[in-house]
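Each of the next two complexes has subunit A plus one more chain, namely subunit B in the first and subunit C in the second.
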Partner chain A sequence: MGQVNNILARLSALDRRIIFLLVAVAVIVPLLIPIGLPVDITKPVKNIYDKVESLPEGSVVVVSIDYDPGSEAELYPATEAFLEHCFRKNLRIFMLALWPAGTPLGNMALENIGAHYNKKYGVDYINVGYKPGGPVMLLSLGKNVGDMVKTDYAGVPIDSLPLGKEVKSARDMALVMSLSAGDPGVLHWIIYFHARFGIPVCAATTAIMAPQQYPYLASGQLVGLMGGLKGAAEYETLVKRRGRALAGMDSQSIVHALLVLFIILGNVILVYQRSKR
Partner chain B sequence: MKSILPIIVVFGFGFFMLVSFFIPLKGIQDTSQTFQNWYIGVMAFFIFIGIFNIIKINLEKIQRRLRDWQYSIILLICLLVMMAAGFIGGPEGGLFLYFYKNVQIPLGATMFSLLAFFVASAAFRAFRARSPEATLLLIAAVLVMIGRVPIGYWIWHGFPNLVEWIMTVPNTAAKRGILFGIDLGMISMGLRVLLGIERSYMGGGKE
Partner chain C sequence: MEVLGVWIASLLTLAIYSFLYKDNPFYKVAEHIFVGISAGYWAVILWFDFAWPNLFEPLIVKGNMVYLIPIIIGLLMFAPFIPKLSWLVRIPLTFTMGISMALFITQIIQGDILPQLQATFLPLAGIHPFKVFSNLLIIAGVVFTLIYFYFSKEHKGTLGFAAKVGIWFMMVSFGASFGYTVMARISLLIGRVYFLLHNWLGII
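Take a look at the complex of A and B:
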């Protein structure tokens, strides 16, 4: 009993650097030696997949890059997995960004995946870059794209691009995918774009934002949801793509297990300290 | 006059935008569209204000040798270098993209990754079941944390369904309550601003 007391007393004063070291090991080791834990598919992610599958060839999908490099680790794999599915289905991509630093990330994904499927800029996809104005911009975009978009991200007149000429208003859009890390983001697309123009909206959000989207999923205002890296891993599984999200799942699993262990240990120490008093 | 004019402008434009939502007449919709375009122009201008503000604040910090003033020098140098790279080569410019891919993305990822370490430390020290409510929260958090990752599915195939139920039923119910509260608050605040009862947006100046 005295030995247990001694261990718990030592643990209660555990140096946080040891905790940091354990987390680092829990992240790095599964990346170097993958375990290959099975990934289950949740309904909100399957809903996005089914929605994309149901769209006719050539439909225009709006992909909104509503994140920046701070959330790249979590949302970029979802961007690539979603684009891969769209290009495989021969859907066309109209990309924009509600965050200023999002445009180059979107471009990187379009170029990587587009090149793999021999897609042509201006015909199969365009990127109109960062658009300021949040909700008001979305309302105007839905009414008349030309009011909001004169050129693409590189300054090329939108009317000189075949896809740019074709997308005039929300009526020409079949689906919106918001890859969102905060505000402005998916909530604006739901509240201002879906509510006003009826275009279905789906989203990929950071894990911390995912619980906030469930009321919109339940009401049908959000078609589907990829929550965090796990959501992206599920989508990669569905589209049979071995990407960064699936590679990161083992690490995330071990770190989550470690966190739970820390919580249990912290509470055992709490009970021990209380019993001592 | 200093406070009356802004109230008139806010009431006039606010009321018009509110009414235009319900009246689909072309003239009203076109005017509403023009106002919205103005708003976007103003929003775009805020970026310039933000840049000038960050330069001004950091220059002052350097001049007055305030705490950690050296970081302000680094911030201003990075700001100017990125702006120059963007202006010279455009958003597709090699130098701009080089810095973006090799500096901004890794730095952003590093900041984000630090969260894992701090959350782990907090999990050990702060996530304590000190009351029945905290215990309930803790149990839900542990279930969601395990059930949300593949190891949960590996332990028990029913874990993801249990987590989905937590998210869909108790979480959604609580979130809906919070959202209704926020929305009612926003409506009431909007009315207060429109009717000139709430004037804090005008600052603390006197007549």
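Take a look at the complex of A and C:
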């Protein structure tokens, strides 16, 4: 008993840097030596996959890059996995960004995945860049795209691009995918775009935002949801793509287990210290 | 050039993480670079994506004088700096409030409140027993949580019990949010470590 007390007393005075070190090891080792822990597919993620599968070839999917480099680690893998599925299904992408720094991230994903499927800019996909204005912009975009979008991200007139000519209003859009890290983001698409024009909306959000989206999933205002890196890993599994999200899942699971252990240990020490008073 | 970018990003990442050991000059340098670049980046974005295409280009290049009105209304925001004219700030403020209310109230009722309310009218018969239980849980969660936020009567007796159940529902929701927050932070760490091991060191 005395030995246990001694260990608990030592643990209660543990330098927090040792915990940081353990977390770092739990992240690095599984990345270097992958274990391949299974990734279960949840219904909200499967719903997005099924929705994309149900769209006829050539349909226009709006992909909204509503994040910046601060959330790149969570949302970029989801962006690539979703684009890969769309291009594989020969769907066309109309990309925009509600966050200023979203445009280059979206471009990077379009160029990486588009090149792999021999997709042509202007015909199979366009990026109209950052569009400020939040709700006002979305309401105008749904009514008449031309009011809000005159050029693409590089300043090329939208009318000179075949896909740009074709997308006139919300009626020409089959689905919206908002990759969202906050405001403006998925809520704007649901409240202002889906409610007004009836276009189905699905989302990939940061894990912090995911719980707030569940009421919208339950009400049917959101078709599906990829929550954080785990959601992206599920989508990568569905589209059979070995991407960055799947590579990180072993680390994620091991660190979670480690943190659960820390929480239990912390509570045991707390109970022990209280009993000593 | 790309290699140089990866090296700069990697060294800045390590400089930021060095704070976990203790505060040091490398961390300070990285922090100041971040603040400076962010300010510069936002200044460029505000000019090229907001002010120029939406205001100054139509006014200067296309000669559309109507755009003088928003400029004047915008400048009135600075009226409080001149005490005699400070009352003029009411004009842009009322304009902004009026537009926002007209736009947001209708759309939030139509796009958020009503569909969410509708989603709580759930069937309790003729479906699988587990679904009945789930629907009951949602209905109870909404009712008891709303009772917690009813402050016109003291939370005693039945009302007090219902409010306590409401707290439990909220606690479960906070727990889920906290769990997701932990997951998000670890994902960001994984992203950075992946960058260091893959893009910088090339060992995975």
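Here is the rule we use: the second predicted complex is superposed on the first by the 277 of 277 C-alpha atoms of A that agree within 3 Å, B and C clash if a C-alpha of one lies under 4 Å from a C-alpha of the other, contacts with A are read in each partner's own complex, and residues count from 1 in each chain.
Quick note on the criterion: a residue touches a chain if its C-beta (ideal position, glycine included) is under 8 Å from a C-beta of that chain, and two chains touch if they have at least 3 such contacts.
Just so you know, these numbers come straight off a predicted model, no measurement behind them.
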Inset, instruction - Considering only touches as defined above, state whether A:Arg244 meets subunit B (first), subunit C (second), both or neither. - result: second
Inset, instruction - Using the superposition on chain A described above, determine whether A:His194 touches subunit B (first), subunit C (second), both, or neither. - result: second
Inset, instruction - Pick one for A:Pro104: touches subunit B only (first), subunit C only (second), both, or neither. - result: first
Inset, instruction - Using the superposition described at the top, determine whether subunit B or subunit C touches more residues of subunit A. - result: B
Legend entry - Touched partner set for A:Thr42, first subunit B, second subunit C, both or neither: first
Inset, instruction - Based on the superposed arrangement, let me know which partner A:Gly220 touches: subunit B (first), subunit C (second), both, or neither? - result: second
Inset, instruction - Using the superposition on chain A described above, determine whether A:Glu74 touches subunit B (first), subunit C (second), both, or neither. - result: both
Inset, instruction - Based on the superposed arrangement, let me know which partner A:Val4 touches: subunit B (first), subunit C (second), both, or neither? - result: neither
Inset, instruction - Name the contact category of A:Asn267: first (subunit B only), second (subunit C only), both, or neither. - result: first
Inset, instruction - In the overlay, answer first, second, both or neither for which of subunit B and subunit C A:Val23 touches. - result: both
Legend entry - On subunit A, positions contacted by subunit B and by subunit C: 20, 23-24, 27, 71-74, 100-101, 132, 136, 139, 207, 210-211, 215, 218, 227-228, 230, 252, 255-256, 259
Inset, instruction - Give every residue of subunit B touching subunit A within the complex, in rising order. - result: 33, 36-37, 39-40, 43-44, 46-47, 90-92, 97, 100-101, 104-105, 107-109, 111-113, 116-117, 119-121, 123-130, 138, 141-142, 145-146, 148-154, 157, 160, 164, 167-168, 171-172, 175-176, 179
Legend entry - Of all residues in subunit A, those that touch subunit B in their complex: 14, 16, 19-20, 22-24, 27, 37-40, 42-43, 68-74, 100-101, 103-105, 108, 129, 132-134, 136-137, 139-140, 143-144, 147-148, 153-155, 207, 210-212, 214-215, 217-218, 227-228, 230, 233, 249-250, 252-260, 262-267, 270
Inset, instruction - In the complex, go through subunit C and note every residue touching subunit A. - result: 20-21, 41, 45, 49-50, 54, 103-104, 107-108, 110-112, 115-116, 118-119, 138, 173, 176-177, 180-184, 186-194, 197, 203-204
Legend entry - Complex contact set, residues of subunit A against subunit C: 17, 20, 23-24, 27-28, 31-32, 71-74, 100-101, 130, 132, 135-136, 139, 190-192, 194-196, 206-208, 210-211, 215, 218-221, 227-230, 244, 247-248, 251-252, 255-256, 259
